[in-house]
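The following pair of complexes shares a single chain, chain A, combined with chain B in the former and chain C in the latter.
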Partner chain A sequence: MADQELILDEDSRDLYQELLNVAMGRAADMLARLLNTFIELPIPKVNLIARSELDMALASAAGKKNVSAVCQGFMGDAISGEALLLLTDADINDLITLGGIGDQDSRNELELLMDTANILIGACLKGFSEQLDIHLTQSQPEVLGHHQPIERLLNPQTSWTQALAIEIRYRLENRAANIELLLLFTSGSLEIINNKAQYLLE
Partner chain B sequence: MSLADIHPILDVIHNLDVGIIIMDSERRIELWNGFMANHSRIEAEQALGVSIYQLFPELDPKWFEQKVKQCTIIQNQAFVTWEQRSYVLRLHNDRPITGQSDFMYQNVTFLPLINHKGEVDRIGLIIYDATALASARLSLANQAHP
Partner chain C sequence: MKILICDDSSFARKQVLRALPPQLGQEIQQAQHGEEALTIIRRNEADLTFLDLTMPVMDGYTTLEHIQSENLNTLVIVISADIQPEAQQRVQKLGAMDFIKKPVTQDKIIEVLSKFGLLTQEET
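Presenting the complex of A and B:
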């Protein structure tokens, strides 16, 4: 199963795109209420990626700047994957001025990072799982690289070869911050998502 | 589920090695499991119906309410790790004699509890003891940067 090359046909791509569009619509509404700022609704990019491509995608996302990342595993109904939130140091400084998240008094960067992850990952996964009528269990989030070069973000020990990657780039009104959320689904999850989504289309 | 079925579940909840709290919309305690009683030294009878801010006067309401708001609006769990904040509620350590710290480092999950109308009217807290991990990480860090 793991060795079999996966192919993403147009119909499936459209399906994932649609699922995510609806999820993002719900997420944006919640985020606007929580942060009192307008979130530009990004169009998610859906791709099957190999491991080496993930390394490249991460590197290009962060440019050459130092980056912090939070990763959080999720699983439920035989669907599993990880959410990866990437922010550059400049984004963090920009977010510190935003109300509704972090610890405004101490300006604790780690707190801000975790809050942003809770909100963006949570809102998106919630929207996604509600549509498919599944219950996802989320692991404790982990801070991967705090002011570390991005190469250190990936652990070369794991054995996966291919994954479905959904890339969502958030922009906040009047702010330069450009926050990237990657949802990575294991190859084994795709068949289950397809089956569940068929009910939505009928 | 009958009443007889609920008893073993409650028994497990009270014996879990994880703190479980349920609060109403005024942050008054509705469930306080054995872990919470043992580590806070506040018995369930004393905790039930009392505000969490009264039980933990050093808990910053502004900070805590922000976390509650996050998980209420998004209707999804919110997480706090020991790395960002050593603990949410100051609790006693498991190892009072050989332990490395006076308090329990915690990973805490805020859980929105949704009623039959689809509204979040209660908040659950799940408190994991992260002291062993935190002590190991901190002592490694101290060796690297003495």
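Presenting the complex of A and C:
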């Protein structure tokens, strides 16, 4: 992967924020139907992020609680990246309650985690790629940690030093649960996204 | 007709701008959040407001509440990425005339404006 120095100007930040705003809205709608609740949409946070910063951000976001994460790679039309869904155990319990899964056996928990990831990541990437008229293929989702301390999630096989990170923190209305979705785009993807987006304003 | 476009994203505002049918005229102002929008609406400078929901400072729901409680003189069409049916019901309860899903298209804007008789022959 090329290690070119990335710059994020205000126009680009605004563009990514809006593209993801539309994409995550569709994802939230699907999740709201699955859980039969109202999802509060946040404003996506767009930042350039170094590897070390991501490690720190993830660790602090999770605090000392145990975290489960599902990660799924995506690529197509010279755009590539990684989607990461992060849930604490408390969040998962909230989802189980809403999802109507009575007993908390771990198989059901895992299924709910994978369902949530499939819906949110899938719908989000679909909404994103449709706006830009690109086609992204997704790799198999992987559960990175299930009741594992956060440090174990941060042993990645991928190699990158800097990426564009878009952080979306969904809140379930009247619940404590936060569902955190992190999309990482490789440095090489950004120029292509910018070019494609110009067509939307012509 | 005096138009106001309120969205925190300049990209989204541009998308609305280019989707507006030319018959609406050129009296168009822009606002980045609900507070800016209310300032313009209170001055009676917006007959028609295109309003986003998810915004910093003041979101679209709160903006609609103000328009309703202060009895302000503007028609509101919400343009939002929040396509949950519940969101659409909430904004209509708060007095929004209609709801358009992002990304907005000219066809959709014309359809909605025509539905409410806002795109009359005289204006062409």
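The rule is short, and it goes like this: the second predicted complex is superposed on the first by the 189 of 202 C-alpha atoms of A that agree within 3 Å, B and C clash if a C-alpha of one lies under 4 Å from a C-alpha of the other, contacts with A are read in each partner's own complex, and residues count from 1 in each chain.
As a convention for this text, a residue touches a chain if its C-beta (ideal position, glycine included) is under 8 Å from a C-beta of that chain, and two chains touch if they have at least 3 such contacts.
It should be emphasised that the depicted structure is a prediction, and the values quoted were computed from it without experimental measurement.
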Worksheet item: Should the pairing of chain B and chain C on chain A count as a clash or a fit in the superposition?
Response: fit
Discussion item. Quick one: is A:126 in contact with chain B, with chain C, with both, or with neither? Answer first, second, both or neither.
Written reply: first
Discussion item. Between chain B and chain C, whom does A:6 touch in the aligned arrangement: first, second, both, or neither?
Written reply: neither
Fill in: Which superposed partner A:39 touches (first chain B, second chain C, both, neither)
second
Worksheet item: Can A:49 be said to touch chain B (first), chain C (second), both, or neither?
Response: neither
Worksheet item: At the Cα centre of chain A, what angle separates the centres of chain B and chain C, to the nearest 10 degrees?
Response: 110
Practice prompt. In the overlay, answer first, second, both or neither for which of chain B and chain C A:96 touches.
Written response: neither
Discussion item. Tell me the contact category for A:134 with respect to chain B and chain C: first, second, both or neither.
Written reply: neither
Practice prompt. Could you look at A:15 and tell me whether it touches chain B, chain C, both or neither (first, second, both, neither)?
Written response: second
Worksheet item: Thinking of the overlay built on chain A, is A:143 touched by chain B (first), by chain C (second), by both, or by neither?
Response: first
Worksheet item: Upon superposition of the two complexes, what minimum C-alpha distance (Å) separates chain B from chain C?
Response: 12
Fill in: Overlap of the chain B and chain C footprints on chain A, listed as residue numbers
none
Discussion item. Quick check: in the complex, which residue numbers of chain A touch chain C?
Written reply: 11, 14-15, 17-18, 21-26, 28-29, 32, 38-39, 41-43, 131, 197, 200-201
Worksheet entry | Residues of chain A defined as touching chain B within the complex | 30, 33-34, 72, 100-101, 103, 108, 110-111, 113-115, 118-119, 122-123, 125-126, 138, 140-143
Worksheet entry | Touching residues (chain side chain B, partner chain A) in the complex | 63, 66, 69-71, 73-81, 83-85, 107, 109, 128
Discussion item. Which stretch or stretches of chain C touch chain A in the complex?
Written reply: 8-12, 14-15, 18, 53-56, 80-84, 86-87, 102-103
